[in-house]
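Alright, structures below, take your time with them.
Paired with chain B in one complex and with chain C in the other, chain A is shared by the two complexes that follow.
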Partner chain A sequence: MALDRKVGFWEGVRYKGGGPMLAWALHRISGLGMIIFISLHVVASFFTQQMGSDWAIGINIIYESPYFQLFIVFAVLFHALNGMRIIILDLWPKMLRYQREMTWLQWLIFIPIYSLTIFIMIQRVMAGG
Partner chain B sequence: MQVKLTIFRYDPENDKKPHFDKFTVEAEPTDRVLDLLEYIKDYKDGTLAYRRSCAHGVCGSDAMRINGVNRLACKVLVQDVGTTLKVEPILGLPVQRDLIVDMEPFFDHYKSVIPYFVGSEEMPQKEQLQSPEDRERFDDTTKCILCGACTTSCPSFWANGNYVGPAAIVNAHRFIFDSRDQAVVERLKILNDQFGVYRCHTIFNCTDACPREIQVTQAVGEVKKAIATARLD
Partner chain C sequence: MQTKKIPHPGWNLEYMMWMFTRLSGLAFFFLAIIGMAAALVMGARNQMDLGTLMRWTFFPNPNHVLDSNIPNVDIWANGFWQIMQMLVIFFGGTHGLNGLRVVIEDYTSRPAWQSITRLLFFVLWIFMILAAVYVILAS
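Moving on to the complex of A and B:
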């Protein structure tokens, strides 16, 4: 009998798809991350203001930590730029031939903006903000 | 040079679970991975099972996963993949034995997109001529050899085997953009299904895996656009 091969998460991750597959995986993770962040943020804000519950205040402390903010800026910025790249490729399929160059362009825009964000945040943390 | 191979093994009559066997063979840098498999089968373990036919990258029988990516064993040289190799069957299709998978689900998807020329109902009195520009429009997708490397490298196909997959879309593209074909609307309707082109998330594994260097993702993108705009630009 043939061996049924459902491709599980780890089996899929082991496929060496390279940069474009990584971009797709990051797009999914950042999208999911933003949904969880916004949902929890709304719920936590509600419970903080209405009841002052400790766990909600705890969640808000996590949100306000610089590390988490670096993650969320990464998620938003990456998701937006990668989404733009995919939209452009969908609208002009002939550009799909140049997807490698477009991925480089995406990182070329991403790196300075994200570096600036890190710089400003470190500056504020150092200033005690 | 010595090449170490780790090969996926599964014998449905004796094994409950698949396992990996290790072999070390003497090889030249210009040997193909298929040559190494042939050597193992001839001199080390005659029970090793894999498909091969032309052995020159035309028949598309020997698509397998070599060091983590889908390749044709007859087109990959040892010097390009190194001296430590892991060889597995392509993903997402049932394994019949060792490196042989059941290609039936793949061909069912292929057949579902009307992968043949549909001419006009009236019998033409002479050859149907086509300009070089019109022929050029679908030239890339005529090169498909149906090896399955693209479809089985696609995470959307792994997630749901009902997705027609890039190979079927490439073969639909070949006829959709043929100026003489009369079944364009039917094909676009088939691919507008929930398991049609929109399962493609522009991951590009298919384009990387294609041994014929077909711009698979571009072909899928062009079919998506044809469906969305109802125009064949």
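Moving on to the complex of A and C:
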């Protein structure tokens, strides 16, 4: 929207917004992570398929590493759940009464699914998969 | 605190992209459920690992499941899944690049920068969609 305001980046970070601000910041960070991942993936697929180039295969190795996968699972899962909460609140504004409960519900769904995914991934790494 | 005059809401770019972001967000859930259901039909319970199941869920391309134990992936390389892939990349690319544009415009306030970033994102968007459609049709 490009509003003319005088708030710097670090001033914004120091703002104590609590839980909703954390969700907002994580939504942006996970979104940025995913768009970088998907853009790299599309470019790498294109160059691997058309030319079989080595640097494109090198990009594949980066995001096939377990650390990157842990991040991308976090990003996809959090962005999906938080996005669903935002969609519900935006399209049915009456639900705004329950926005605090919805944030809790969101974390309540997120934590078990993400923990299970981490458990399975670590198990696979330990097994040498 | 200076008050800002808010323009009357209409079908401008911001409103259209705001609505598109919400609707494409809903579409991802349906696309992911269809992809995951198909992966389970393919035999995800015993012939695929979790990563491969996720690959088919988010981008149903036979090239994505090559390192699984599915005996014949070729029967899944048909027009229906190509259209599904194009929907995924269209919704994904547009939602994602628009999101990146919104984030960048939050931290740039000069109108001159706005037109430059918008042009850059339009070019990036076209390039990304074309590259992805090329990969889909050539695989």
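Criterion: the second predicted complex is superposed on the first by the 124 of 129 C-alpha atoms of A that agree within 3 Å, B and C clash if a C-alpha of one lies under 4 Å from a C-alpha of the other, contacts with A are read in each partner's own complex, and residues count from 1 in each chain.
Following the convention adopted for this analysis, contacts are C-beta pairs under 8 Å (C-beta built on N, C-alpha and C of every residue); 3 or more make two chains touch, one makes a residue touch a chain.
No experiment lies behind these values; they were computed from the predicted model shown.
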Partner touching more residues of chain A, whether chain B or chain C: C
Partner chain in contact with A:Phe46 - chain B first, chain C second, else both or neither: second
Chain B versus chain C as contact partner of A:Glu11, first or second or both or neither: first
Chain B versus chain C as contact partner of A:Gln99, first or second or both or neither: first
Which of chain B and chain C A:Asp90 touches, first, second, both or neither: both
Partner chain(s) touched by A:Trp24 [first = chain B, second = chain C, both, neither]: first
Contacts of A:Ala127 with chain B and chain C, given as first, second, both or neither: neither
Residues of chain A at both interfaces, chain B in one complex, chain C in the other: 1-5, 86, 90-91
Chain A - residues contacting chain C, complex: 1-5, 9, 28, 31-32, 34-35, 38-39, 42-43, 45-46, 49-50, 69, 76, 80, 83-84, 86-87, 90-91, 117, 120-121, 124, 129
For the chain A and chain B complex, residues of the former touching the latter: 1-5, 7, 11-12, 14-18, 20-21, 24, 86, 89-91, 93-94, 96-97, 99
Parts of chain C lying in touch with chain A, wherever the complex brings them together: 4, 14, 22, 25-26, 28-29, 49-51, 58, 89, 92-93, 96-97, 99-100, 103, 105-111, 114, 128, 131-132, 134-135, 138-139
Touch list for chain B against partner chain A, complex: 10, 12, 18, 65, 67-69, 89, 91-96, 101-102, 153, 155, 158-159, 201-205, 208, 215, 217-218, 221-222, 224-225
